[in-house]
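Per-chain residue numbering starts at 1, and chain names A, B, C and D are given in the order in which the chains are listed.
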Amino acid sequence: MNSNLQPNFNYVLLSHHHIPNVQEIEVYEQAEGYSAFKKSLSLTPDFIKEEVKASGLRGRGGAGFPTGIKWGFFSKDREAKKYLLCNADESEPGTFKDRFLVEKNPHLLIEGMLISAWALGTQKGYIYIRGEFYHQAKILEKAITQAYQKGYLGKNILGKDFSFDLYVHRGAGAYICGEETGMISSLEGKKGQPKLKPPFPAIKGYRGYPTMVNNVESLAAVPWIISFGAARYRQWGTEKSPGTKLFSISGDVKKAGVIEVPLGTPLKNIIEDHCGGMREAPLKAVIPGGSSAPILTAEQAYKVKMDYEDVASYGSMLGSGAIIVLDQTRSIAEILKWTLEFYHHESCGQCTPCREGTGWMEKIAKRRPSVEKTSTPEEVMDLLNRVAQNMRGQTICALAAAAAMPTQGILKAFPEEMKAYFGNLKS
Amino acid sequence: MSTSLPFSFTEKNLKEYQEILSRYDDIESALLPVLHLAQEQHGYLPTVVVEYISSLMGIPKIKIQEVISFYDMFYDTPTAKKIVQVCTNITCSLYGGRKIHQELLSHYNTQNMVPTKDGEIFIQKMECLGACEIAPCIRVGNDYYGPIQDTQEALNKIKGESANP
Amino acid sequence: MSDIKKEKKIVTFKWNDQEIQAEEGSNLLKAALDHGIEVAHYCYHPGLSVSGVCRMCMVEQIGDKAPPRPYPSCNATVSEGIHVRNDTPKVTSAVQSTLEFHLVNHPLDCTICDQAGECKLQEYYMEHGAYDSSMVDKKVHKEKVQDIGRNVMLDAERCILCSRCVRFTAEITKTHELGILNRGDHAEITAIEPLKNDYAANVVDICPVGALTSKDFRFNQRVWFLEDLETTCLGCVTGCSVKISQNHNGAFRVRPREDQEVNGYWMCDEGREIYKHLSSLGRLQFPLKNNSGLFIPTESEQFLSTLPRPMAIILSTHLTVEEYEAIFHLIPEDQVYFYRLPEEGPEFDSLLKRSDKNANRLGLEKSYYKAYNNVLNWTTKDCSLAGAKEKLNSVKSCFIVVPEFLPHFIKAKNNFENFLHSLPKECLKIALAYDDLFQGINHCDYLLPVPTFAEKDGTFFNFKEQARTLKKGIVYSQQAQSVPDYLALITKTTNNSKGFSHAAQ
Amino acid sequence: MLLNKDLYQHHGYLKGLYLALKITLINLLRNLFKKERLTLNYPEEKYQYSDRFKGLHILTIKEDGSLRCTSCMLCATNCPAQCIHIVASNHDDPSVEKAPVSFEIELLRCVFCGFCAEACPVDAIRLGGEYELAGHFERDWIVDQHFLAYRKSLNEGKGVLSVVEDKNRMKLKL
């Protein structure tokens, strides 16, 4: 057999990506597709849950909460109505890994969802994909149709007492729907405004029933873990951040795109080896985890290892693994303005600190001399920092913090440049 | 695309509507896909469409209007045949997304979110489209294009779309 | 046994240094508010669902298992032994900064805002304000002075998006007129169609700021010039607990009072008009005599002593229980008649409004039974019916207590004119009225001023036979005397010989 | 009441009388012979009060001639004599919203304390320099907005300055 048609299980998530036409179920099945699911049906749900817990797989949406523990909070009543929701509403600036995954290998996600559904006892699942990904939604829909035809979805799957229906739900362009309760609100046909917690979705979610929301990448890692076991999954990564992770790299590198590397890989390696180094000018800064993550200076970026703990030790976060690389020609103030514009545009308008704060921060960052004559650059920066600090931890969801953190990060990492920027505004 | 004409789903879309309803356990959840469907048919979602969907699905009008105003991809003002979305988020802005957006607007002599007079082009400034590896990217209809070197390339992509249905 | 289990357990928790007892699982913020603790909050309303968006009612829990961050108390429940504080540095700074955010885009038009003086933004600013403004940037402007139907004006700029009004139209009236459109700081309350429900004005009451104001009350008076009179609505038999805002210049508005047994937190729009006749220009200030179509002042004692006999009295259904008892004590049963108001609108609109507009009908029936030991038979005693009216043919002078006509008693007003017209021409008609604006006034020979429901103390019985009190507020007609007082005058001057005789004697 | 008991006990009234007459005499002589006099030949001569003098009220107007007053009633609230009566109403222009239909001051009750001007958030009421206030009938001294804002002596802002716009409000001096 052509080795090109065989999966490369040295990768967890991109194992099938080199195979042409793997979107077709026959191709995927030939390449050992759905074998993990078949195997899982012979295992007990509790065993699968334990295995995922043992693998230490952490939620890939951004928060990094261990998936196995999250599953542990879920209702154990197999008869009760429950939902499995896949979060493919990838809107964090800089992130495009889920799109890449779904586009190339939709069946991996479906298989992951099937195993999860079997483990969690959910009867219905939705893949909430962002509205802009029209073609990706069509690819998924086609794959789901194929899976129905092959009997992987529907009633009494593969002769087992297990039924699972899966549908694609397209969003309509709102960043906040990537937040799990916002996504549930949106799925319910409402504005995608996050809900008050408690109750948590695992207890009371979509339509009031227990709902498990997992990121595409988390679910897509499950088949590999079931096939090869938690212990082998832990061969990659660190003690606290095991396994591999997709990184979406964009910005001033020679080769932008999605790569899968073990957690804990130094950022320097990623930039220099995987991405072919910087494009033109030398490195100035890196946003390591999507626009919500505080910025790292070049010095920090060359030291940091890409796992949850190490990035956090530099005051930033791994987030969704979206690495935006900036070279010396780039203005940090511009980055701040664009970031704040984004959060101002995307704030759902529910909680006051976020609704008013995101708009106010943007205005402060864009202050013109005609407006502000008396303040010194230091005062403007202090105010910006204070407003950002006041927004943190005061709202229903984390969007306010996601806007505040990069702001504070930039003010902290590039104080001189920001001072010069606010100073110039006055002259 | 007149606002005064009453709106109703075509026969084909009514079938589609029924199919959408079958996916969900309650009718409210089907609102987003139904609005997508209505927008595909009508181009945008004026009051007549809201009223039609409200009576069809039994959802209060204000709730539908809330949803339309909340999501970027639903329009309650007229759009055009071709919706061009230009990403202006961090990575795309680094490579001139904003410039392309401005130049497209001046080329078509229109404003953001205002259709051109001939009803052909509707340009929308977008936050991250989720395609940073091809920055700067634009989305014409449902297709992504990138990296766009300059405005001329963007114009070619926009024009090329019509030649290649 | 099972009943005991169903009862909620009362537990004790601590708010700051105060120990509070409340039902386990009940709302933490409500428990504190019920115990008189002042907690800043905008979006929470006990009659509506929790939305938790204003972020003002934050508390910090003390103890081992406490969450690390302050949380909003409106979304928390009471449980045994928890200790929360809202005076820790974390919470006070959070509340202060949140209030600052509330004010970022709030216009500074307190001078023309009707809410000024009872505005929660003003109140909390005094306590939690940052006082040192750092907002020099342009505010977001939204549309002001929007007429959104019924009696309500909207100023989107003043709105703090607490969503109380949206939840009211969605949860209480279920009419869904209001919603919040758009995202972020462009979000604004919008009515895509005008408010059409009969309870619309409640959104004005629940609005914590001046975004929703009442067209009726708008600009008429500053609230700090007003006093509240706690009383009961006489719009229908429901008998909602209300408060009337008034001062010596007049009465200006009616708002609901919390009363869980009857109206909860709400009242209907019709009930809000019951203040209008209290200080109207038509109020009778002294007795009047009909001098062939022209009413001239007269002395009441003068003609009351020379009334032709036999006499009768037709009572309205809007007098207090105390008045009825005094009247029945003075007058024998066969001389007492009633005028019952016709039903208007649907029998019960499933929220508060009822078609029976005879607000104290039950109180009347009760006192009637008590006085005459006889059940009131409406078919023979209700003068709006033909049968009862015939009995009045022999009467030579008749006292008619004019019902308190409220603006929404449309049928009643017309019927009353017909009724006055149908009384025998030769019968002397003495109207005991609060104003001279009722229809059919020309049929009356004398007008005597009586107090309105807000100018006397007394009791009403509502549809559930619960006693509801009326209180005496500011009196707008100084010479007005109550109906029993006038009757006592007659019985005194005529020595109980003819006509009205003392029932007990 | 005796202010100085000792003086009375030792000298009787005489010393006090002498002191008073002495002051009177000094002033009499000074007025007779000195050019700079302490008294005026009123009403031919008039005293020039300082700009801060609190005389007859002025309702300031905008350049288009409308009242600045928004009828917030803070002056009425603040007035210790309770002599200000305002009736407010909707204004046709939505940017103005609220304006007085009647603004009355009972001048006979007014104590000219200036609290109204102090309270006004929009600089709509000021106490001007006019002080010759006498008349025959009580009813003449209940003055309304036509008098307060548009009386002859104000001359539409050309006499006493009463036109105030937001942009130059801080620069003006009466």
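Throughout what follows, a contact is a pair of C-beta atoms (placed from the backbone, for glycine too) under 8 Å apart; a residue touches a chain by one contact, two chains touch by 3 or more.
What you are looking at is a predicted structure, and each value in this text was computed from that prediction instead of being measured.
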| item | value |
| --- | --- |
| Chain nearest the overall C-alpha centroid of the shown protein atoms | C |
| Whole-Å gap separating chain B and chain D, where each centre is the average of the chain's CA atoms | 66 |
| Distance between chain centroids, defined by C-alpha means - chain A, chain D (Å) | 72 |
| Where chain B and chain C are represented by their mean Cα positions, the distance between them in whole Å | 50 |
| Between chain C and chain D, centroid-to-centroid distance (C-alpha), Å | 45 |
| In chain D, residues with contacts to at least two other chains | none |
| Set of chain A residues in contact with two or more other chains | 174, 191, 345-346, 348 |
| Multi-chain contact residues (two or more partners), chain C | 180, 182-183 |
| Chain-level touch network, classified as line, ring, star, complete or other | other |
| Interchain contacts, given as pairs of chains that touch | A-B, A-C, B-C, C-D |
| Residues on chain D engaged by chain C in the complex (per definition of touch) | 70-74, 77, 88-90, 94-95, 97-98, 121-122 |
| Chain B contact footprint on chain C (complex, rising order) | 170, 176-183, 190-193 |
| Parts of chain A lying in touch with chain C, wherever the complex brings them together | 174, 191, 196, 198, 344-353, 355-360, 363-364, 367, 371-372, 383, 386, 390-391, 393-396 |
| Residue numbers on chain B that touch chain C, as the complex places them | 47, 50, 60-63, 65-66, 69-70 |
| Chain B contact footprint on chain A (complex, rising order) | 90-96, 99, 124, 130-135, 167, 169-175, 186-192, 207, 248-252, 256-258, 287, 291, 322, 324, 326, 330, 334-335, 338-339, 341-342, 345-346, 348 |
